[in-house]
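Here it is, the structure in full.
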Amino acid sequence: MTQTLIFGLTGAALIALGFYGFVSHRHLLRQIVAFNLIGSGLFLLFGALARRAPDGTSDPVPQAMIITGIVVSFAATALAEAIAERLHDRTGRPSLPDLDPDDDD
Amino acid sequence: MIADVITVTLISIGLFFFIAGTAGFIRFPDVHSRLHALTKADNLGLGFVVLGVVAQADSGWSVLKLLLVWLLALTAAATTAQLIARFALPPGERP
Amino acid sequence: MAKSPVKRFALLFALWLVLSQGRLDGVVFGAAAAAGAAWFSAAMSSAIGPRFGLLSLLRLAPGFFWRSLVGGLDVAWRALQPRMPLNPGWTAYSCRLPGGAMRVALGGELSLMPGTLVAGSDGDRLLVHCLDIGGPVEEALRAEEDRLEAAIVP
Amino acid sequence: MTLGDAFDILLCLLILTAAAGVIGGRDLFGSVALFIVYGLLLTIAWVRLGAVDVALAEGAIGAGLTGVLLLGAAAKMDDGAGQRPSFRPGALLLCAGVAGGLGWAVVSLAQPAAGLIPLVRENLPVAGADNPVTAVLLNFRGWDTLMEAAVLLIALVGVWALSPEDSWGGRSGLTQRVRVDGVLGTFGRFLPPIGFVVGVYLVWVGTSAPGGAFQGGTVVAAVWLLAIMAGVVEPPPVASIRLRLLLMAGPAVFLATGIWGFAAGAFMAFDPAYAKPLILAVELVLALSIAATLALLVIGRPRRPQ
């Protein structure tokens, strides 16, 4: 049970941290990295909750879903990175333009 | 029991080398000197940790497998050290 | 690595046996994987001419491990000393071993030996970074190359 | 508090420190490098949680492949100007709320619960794999894994679709300038055969111990990438039919066995008598397709005309 608490709370903190990084950065690559923090935090929280069996084993079903999640999250990261890089090639900027033209960056 | 004592001793020696390597990494003045510390000390650290685990192995195959892990890590470290050292040369000196 | 495809296959299959800890129910997969890998390895190989003998290399192993232990102790001692005795510098070492696997092996070995780190080569000269440039560097490099050269089979 | 708990707490503090450094660090390259360290620390966390399969996936994909991908992107997109996260009190408050809510959920859920363990244990003898995680991935929840293979393919199609008109169908990645007899050129010939055997081993052992198609496929993808970066092999042009067949083979074989499942009663149902060889066959082909897909996702869109 202690492990569920320790790693579960860490996962919760990582999600929040990643979320804050996502909204407070403008550089697309930094946002992609923050998105990965959210993802891994979620997996950790899920994995911590999978370790509640009285005999101390880990539930294999969440484990399998987390492995799926890690791979899908990599696919999403690769696609996002390719889009960001293409934007950078075309505009020379690593971030999305602002709606308000006076408030550059 | 004897195996446990051997394991604890060897892994402690391994940890000492990891700490020494990290100290060198932090204290040494330039990239290349730091690479010395990381490559040599960390490999030795891993080597002693592997030997410590070997003392707990249940079969000859496990021993071989553990040594293989070390050998591959050794090869990778010796190679990446050369690659990083070369990349860290100032552009003018890079052949 | 060995030159003939059969030897490559044998080495890679031995790798499989070690990984699977001698389990016999997977040897078919192991043989197939080793065959595929040996084919790739033979097709990509650029090594022509002299090469290392496996047994000769094994004979070098004890000395190698001993000197890498000295190398680790040396760097650990320097790192943990309060006054940190360092006298770093560069030297260019004229290498007799041919480029490719041999020179890379020498470079990797030297990078684990006391006080030397190889940063690629410039023509036939290895660029060696030394922790103590005042020491007998040239002799140590020469001795290491001699040992490796002795492991070459024609 | 036991020694194990103390270790877990220390590990979690390290993880959180690394994550804070990833978000708060100025230097883009440093931040990405720290993200790899963070991934490796997470790998240890998964081992501590008794989830070795997840640890392998996190180490290989979460830290390794994602790290290579992001380092490559950082080298291209780093404008040298550091970025600090802007201070947003509203967002900070919201995030604190998210952390609090999730934390409360964790605390209230932290009671013994067997979950699906009894169900998995009961059905394991007919699953065709002794490793419960593989049994879930390939048999009980085979649907998810099939979809996942499809998601990988779709992401790759998306990446390819970003290529400009003139390089469509060409090779991904840039021409490598590597000396054949140099360090990288030599290592790029030495390691791939070894990595290939290790990758196949991980797939094969996955039915009875931690490992499987994703972990093994990632190792093969990694050594393929090494061979490409070392200039030993060229990345295939994306218009190549053989490449496309390789990418399709895994999902196609998986789908075919799923349809064959109708013979045993339902889509994706494995007849227990054939389950073991079927799972191994699907995993081996799937691993090769996954390896190709992952490697191509890392090297990105086509850049050179056909």
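Some observations on this one:
Going in written order, the chains are labelled A, B, C and D, and every chain counts its residues from 1.
Here is the rule we go by: contacts are C-beta pairs under 8 Å (C-beta built on N, C-alpha and C of every residue); 3 or more make two chains touch, one makes a residue touch a chain.
It should be emphasised that the depicted structure is a prediction, and the values quoted were computed from it without experimental measurement.
Between B-D and B-C, more C-beta contact pairs are found at B-C.
Centre to centre, using the average C-alpha position, chain A and chain C are separated by 40 Å. In terms of their C-alpha centroids, the spacing between chain A and chain B amounts to 32 Å. Mean C-alpha positions place chain B and chain D at a centre distance of 26 Å. Chain centres here are Cα means. That of chain B falls 15 Å from that of chain C.
Within chain C, contacts with two or more other chains are made by residues 15, 19, 104, 107, 120-121. Looking at chain D, residues 183, 187, 190, 194 sit in touch with two or more other chains. In chain B, the residues that reach two or more other chains under the touch definition are 75, 79, 82, 86.
Taken together, the chains touch in the following pairs: A-D, B-C, B-D, C-D. For chain D in complex with chain B, the residues that touch the partner chain are 183-184, 187, 190-191, 194.
Listing the residues of chain B that touch chain D in their complex gives 72, 75, 79, 82-83, 86.
Of all the residues in chain A, the ones that touch chain D in their complex are 1-21, 23-30, 32-34, 36-37, 40, 43-45, 47-54, 56-68, 70-79, 81-86, 88, 94. On the chain D side of its complex with chain C, the touching residues are 180-183, 186-187, 189-190, 192-194, 196-198, 200-201, 204-205, 227, 232-233, 284.
Taken together, the chain C residues at the contact with chain B in this complex read 15, 18-19, 21-22, 68-69, 71-76, 78-80, 84, 86, 88, 104, 107-109, 111-112, 114-115, 117-123, 127, 129, 131.
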